[in-house]
Amino acid sequence: MIYQGKQKIWADYQKEIPDDHWYYVRSCIRQNFFPGSEKMFLEICRNVLGKDFHENASHTTCGGIAYHCDTIPQETVMTIVARQFALMTEAGYENYVASCITSFGNYIEILQTWEEFPELETKIRELLWKACKREFKKPKYVAHASDLIYKYRNLIAERAKYRLINRHTGEPLKVVEHIGCHYSKMFPSKGVGGAEYPYVLCGMIEAWGGNVIDYPERRHCCGYGFRQYHVKANRGYSISNTHKKFESMEPYHPDMIITNCPGCPYFLDRWQYAIAEMEGKTYGENGYGIPVFTYEEVAGLVLGYDPWDLGLQLHQVAVEPLLDKIGVEYDPARKYEGLNHKNLLRPELPGVLKCC
Amino acid sequence: MKENILIIGGGIAGLEAAGQLLKLGYNPIIVEKSDHLGGHVADWNRLFPDMSPAEDLVSRLIAASSEANIFLNTEISFVNRLKDSWNIMLSNGISIITRILLFATGFTLFDASKKEEYGYGVYNQVMTNSDLEHWFNTGQDERIPEEGPAAMGFVHCVGSRDEKARNPQCSKVCCITAVKQAIEMKQKFPEAMIYCFYMDLRMFGKKYEDFYISAQKDYGIRFIRGRVSEVSENIEGKLVVKAEDTLSGKPVKVTLDLLVLMSGIVCNQQTCKTAGLLSLPIDSDGFLKSRDNIADITEAPREGIFYAGTCTGPKTVPETLAEARSAALEIHNYILNGM
Amino acid sequence: MRERFLTGYNDFVLPFMIGMIFILSYCAISLVRIIMQLPKEDRKKFFISLVTPKTIAKNIRDIFCDCLFHVKLWKRNKLLGYMHSSIAFGWFMLIVIGHIEVLFYVPHRAKLFYFPIFFRYFVAETESTMKGAFFFFLMDFFLLMVLSGIALAMIKRLQSRLFGMRRTTNPSFLDLIGLYSLWAIFPLRLIAEGFTADISGGSFLTKSLNHVLNSFLSDHTNMLPAWWAYSCALGVFFIVLPFTRYMHIPAEMLLIPLRNAGIKIRHARKGLAKAQVYACPSCGLCIDACPMGVMKTHIKDTTVYLNRQIRRNNEARIEEISDKCLLCGKCTAVCPVGVEGDKLRIAQRSIRRYAINQDYSNISAQMLPISPGNISPAAVSAPESAATVKNGGKVLYYAGCMTALTPVIRKSMESILTKAGVDYELMDKDGGLCCGRPMMMAGRFDQARQMVEKNTEIIMNSGADTLLLTCPICYRIFKEKYDLKGIEIIHHTQYIDRLIRSGMLRVDKDTTRYVFHDPCELGRGCGVYEEPREVLSCAGELVEATKNRKESICCGGSLGSLSLGFDKRKSMTENALANLMAGAPDIIVTACPLCRSTFNRYADRPVEDIAEIIDRKCVTSAAGPASLNPGGSN
Amino acid sequence: MDFGFKISPSSAVNLDNVDLTLYNRLLEAEPDICKCIACGSCTASCPANRFSGMSVRKAILNLQRGKEKETARMLSNCMLCGKCTMVCPRGINTRHLILSICKLYKEEAK
């Protein structure tokens, strides 16, 4: 591997990301899967770094899941997106940041389509007006939330309590970065680092002290694939692809996986349990799995937030071995204690995959 | 006084045209931007289909054109149109007045790093056809181990027939070059397993098909019809190459020690700039536009300007030489017929 | 005549006796083994044939014609015929007359095996033996006959072309010993008898020699060594005989009755196959006959060498030789002793073991795209009732795989049928099953049988009463292996001939010169020679090739060869084409799709199927459609 | 545990893991197989194609890709009629090739 070669490509794919004043839209599913992530994003941007991030409770889904599941037509998804833009315009923002990778891809795809087919844009404006009497301006900048964390990575590193370093050996942690397919595979120029060697997560990992692993199936999909998971008959295909990724990264013995997509961490995390049950195989050390994180969770961890406040107890793969490696302080007894100090109850432990 | 003819480019087309024009009694002036004559062919080792050394051809051409005025490391700075001629200002400060210009500006090899998925410049064992020829010539390249690669691959059509790489045209020579290089590698390393990943095999020229059969039968080179989709590195630092074997409709994966990218022929950006100085049109494929693509391939739409070789599109060596001779004759007739 | 020795014995008879006893016991054991190796029903058939007067007569006639007079060789080349029959018949007569002499003069010695052979040593002439002069003359006459044969044999080794042979076999070491001992026997006998002629009497040859010998060798001391040498030569010849090509002498005498009993090769190495292999005299006629012979490299792949390798159990070479052969059958046609080179090779192929064995049980007749109109009500009933629909029955035309690649033949044939008003149906319009012959030729009988069964089912259900074929490869297996009760199997050359004869087809004659190439499977394979010629004579002038009919040269494209590559076949095709040029034909005509496409590749003039020509030349017949079914009229 | 779905093996052919021992033996007997240019004439003319998908082109390719069972399945209905030999533009002796494959490779376990 020639690192300079990658740097050269990264240099070709730098995108302009304004520093402040963003209109933030959430993901449909992340709040259920990784509830601490979006909260942590706003916490870091607003409170730690003091930036202006606006949010509107009336924003909806972008329609991406339905679009990629082939259940709604393009005009519908475009009108939904147009309404989101209208909300942004009404709030007086022109920088639009999405929490979800599929949303991000969806916005980019729609904006590019309108550029190629302006008549479609006109039509959507009419449809939006007919539907809810709203008008919109197209955002000046569209970013994914990971772009911003990437942009703030050094600021975060300056304030970091922990680094991605194994405190027993002093070695950097071996980190697998997994980029959501819709981030830059459709429009390479819209992602930091392009499509083949995206830099957005690599940059964070490097800034926070970890070591990026480049393994053969790095580019491969997490296995979600919308229709592949949602249609049960296809679900074997979904898990087969996840399995392929783990088989490929296994020889590198990664300490953790960082992702920037709502679906990826979910499937990389939960399918490890299913694979363990089916094949009797686990990929982490001592029968554990490889812990999977969102980039916000990792940012929160290095900044010293309590792992249980980050919602890490909702992960399938136990995070404790990794927390121990980094040296993050945590109270095992508080793991299943809710914010209101109510007991969340301990989940049943799986048979093969070792969990805490 | 002998008629001045300015030849832009000192590759094989420029040299051959100069040699012919000398014989016809003119005064050819070659302007070459690099520090050597012979262009891409001078960097090549052996030429298909007879495996003749490229050096022999280039030195023969140089010898035949030695009486021409040759300016190396020189470019055209600007051009003034006079009444019936041009005043050409060169980067070395010399100005030339000529009534006739011959473009023999050749081509540029596609920058393989633009095909990011192949990892040229990123992975240690990815090289181009030109790098391999350089190794044939010098024997120096860290990417090729002394004992030879156990398995290696050739990727055809890198930057050719690729709309996204903005080169929809076929580069014509890569198929046969890949076969030639594969045979040469097999001759050097008989134990190596060699794969050629191709989209189509365009074996149009004299003896090309024989070459191909020999590669299959005598050298056991394995041809896989399918474009390489991505290249990655495994934990041992070997290349993992993925492609679809379109003939069986199945994806294939193979671990290789060396991957050679057959960079295609693309138009020379410098040529376009010079053409701009003379308001010459560029064809839709990015190469110079001839007066007619069938009957007048060597003539520009403007009087007194001629083309030879790959400045008008991908060509093989014999085609280029034939075109250079043809252009020289066109120039001769043009002068005889009183312009 | 009186005996010279009371004992009637001398040590010099020992070599002969040893050889004789050895060869007789060897032959007896071999005979029993071969007969035991025959399948039970074949063995029964054989024994019955041995007591059936008709076959007895045929056996005797064949043995005389083939073994002694070499009639087939006479027909091929007079010199060659004389050479072989002079030795065989001359020797035979020497033995017969020798025995008569013993019985006549010293009947009490008849039980001594060697006595007739060395008769002249043991007896002395008396005054009363003038009546023996008759025998003396005959003995000398036949000895001279044999000697002349031997002399010719010697000449043949140097100048085989005089005997009509371009190439001869390369003898093995033991063959050479056998050959030289055989050559030595008769001159030595002449010398031995020459030494004793003044005692035992003699005729024009021996007496004259005796005078010559006496003129410089005055006494009889040299007599004994000459008799020793004669006996030794005989002994050596008999001892080496089983290991040389001369084994054909006894083997042929077994092969003839086996053949006349109608026995077929059923095992690659045993029974009839073994008898054939040993009956091969290594004469090498098959070398010149073999179409592969145009390339020197293939000479050792001819039948004579196959037989030799089978005798040596050289498996690698047996496989190579048997796989390479085109199975054109010409070696079988020319073989003077009746070795079936093609069948022998198929038998060798049949003993190969394959790990993947084809199976067609998944294919049902319904899967084949045959139009439902083909399945007539009669089809549903039992096959026996097929005969009842014969008169109104139609022609089922099976074009076959190869014809699919030469659609012009199919098109022409269909056009002819339409013009003649024949009610026909195409059996394999959109592809069908292969007839099984190519599989058969590869020696995979089981697979071929499955195909035969599938096709039989389809044909029996078709309600047709005539099966028409344009491919001789198909035709042959349909003739030989299919059991199609009530359905006539006919090749298109025969069918067209019939159409013309019956007036259903009128053909315009012009001056075009046609040469007919006899396809191997049609001519030698099925014996169809006349009909295509009759048909062509109606269309134009028929000229003949240098070698035709039974001797026709394979086009080189045969499916029979498994291993001959495309590049190796070119020279064979060119040679076959050159053979067809003798009459300067305008058009080369054949009746096989494979021959047609093979010739077409290299021919310098048009190559056409007989159907194409007739289709072009025929005028629509006056007869109304379906007024007469030519198949039914025969 | 049965989830109602399972991990399926990759459909990709990993050329690193293809055992070519038998193929190399076949290659010795039939060196012409590398001359195949995958034109498909053999497939198009094959009468067994409709029954077992027989195709000499695919049979060769499958052996190169380690899919021997596929080849055995295809060959199971070959009638050895020789049409493929007739149409092959590279002059490959496909009939002998088929017989060689039948000799070397094992049939799918029944």
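Some points to look at:
Lettered A, B, C and D in written order, each chain numbered from 1.
We take it that contacts are C-beta pairs under 8 Å (C-beta built on N, C-alpha and C of every residue); 3 or more make two chains touch, one makes a residue touch a chain.
Keep in mind that what you see is a predicted model, and the values were worked out from it rather than measured.
Taking A-B and C-D together, the pair of chains sharing more C-beta contacts is C-D. Taking each chain's centre as the mean of its C-alpha atoms, chain A lies 45 Å from chain B. We define each chain's centre as the mean of its Cα atoms; on that basis chain A and chain C are separated by 85 Å.
Per-chain Cα centroids separate chain C from chain D by 39 Å.
Chain C has its Cα centroid 66 Å from the Cα centroid of chain B. Of all residues in chain D, those that touch two or more other chains are 32. Of all possible chain pairs, the ones that touch are A-B, A-D, B-D, C-D. Those residues of chain A that touch chain D in the complex are listed here as 232-233, 235-237, 239-240, 243-244, 274-275, 277-279, 351.
Interface of chain A with chain B (complex): residues 1-2, 5-6, 8-9, 194-197, 214-219, 251-252. Within the complex formed with chain D, the chain B residues making contact are 195, 201, 213, 216-217, 220, 222, 225, 242, 245, 247-248, 250-255.
Of all the residues in chain D, the ones that touch chain A in their complex are 1, 3-10. Within the complex formed with chain D, the residues of chain C that make contact are 323, 352-360, 362-363, 367, 401-402, 404-405, 431-434, 436, 438-439, 442, 444, 447, 451, 559, 562-567, 594, 597.
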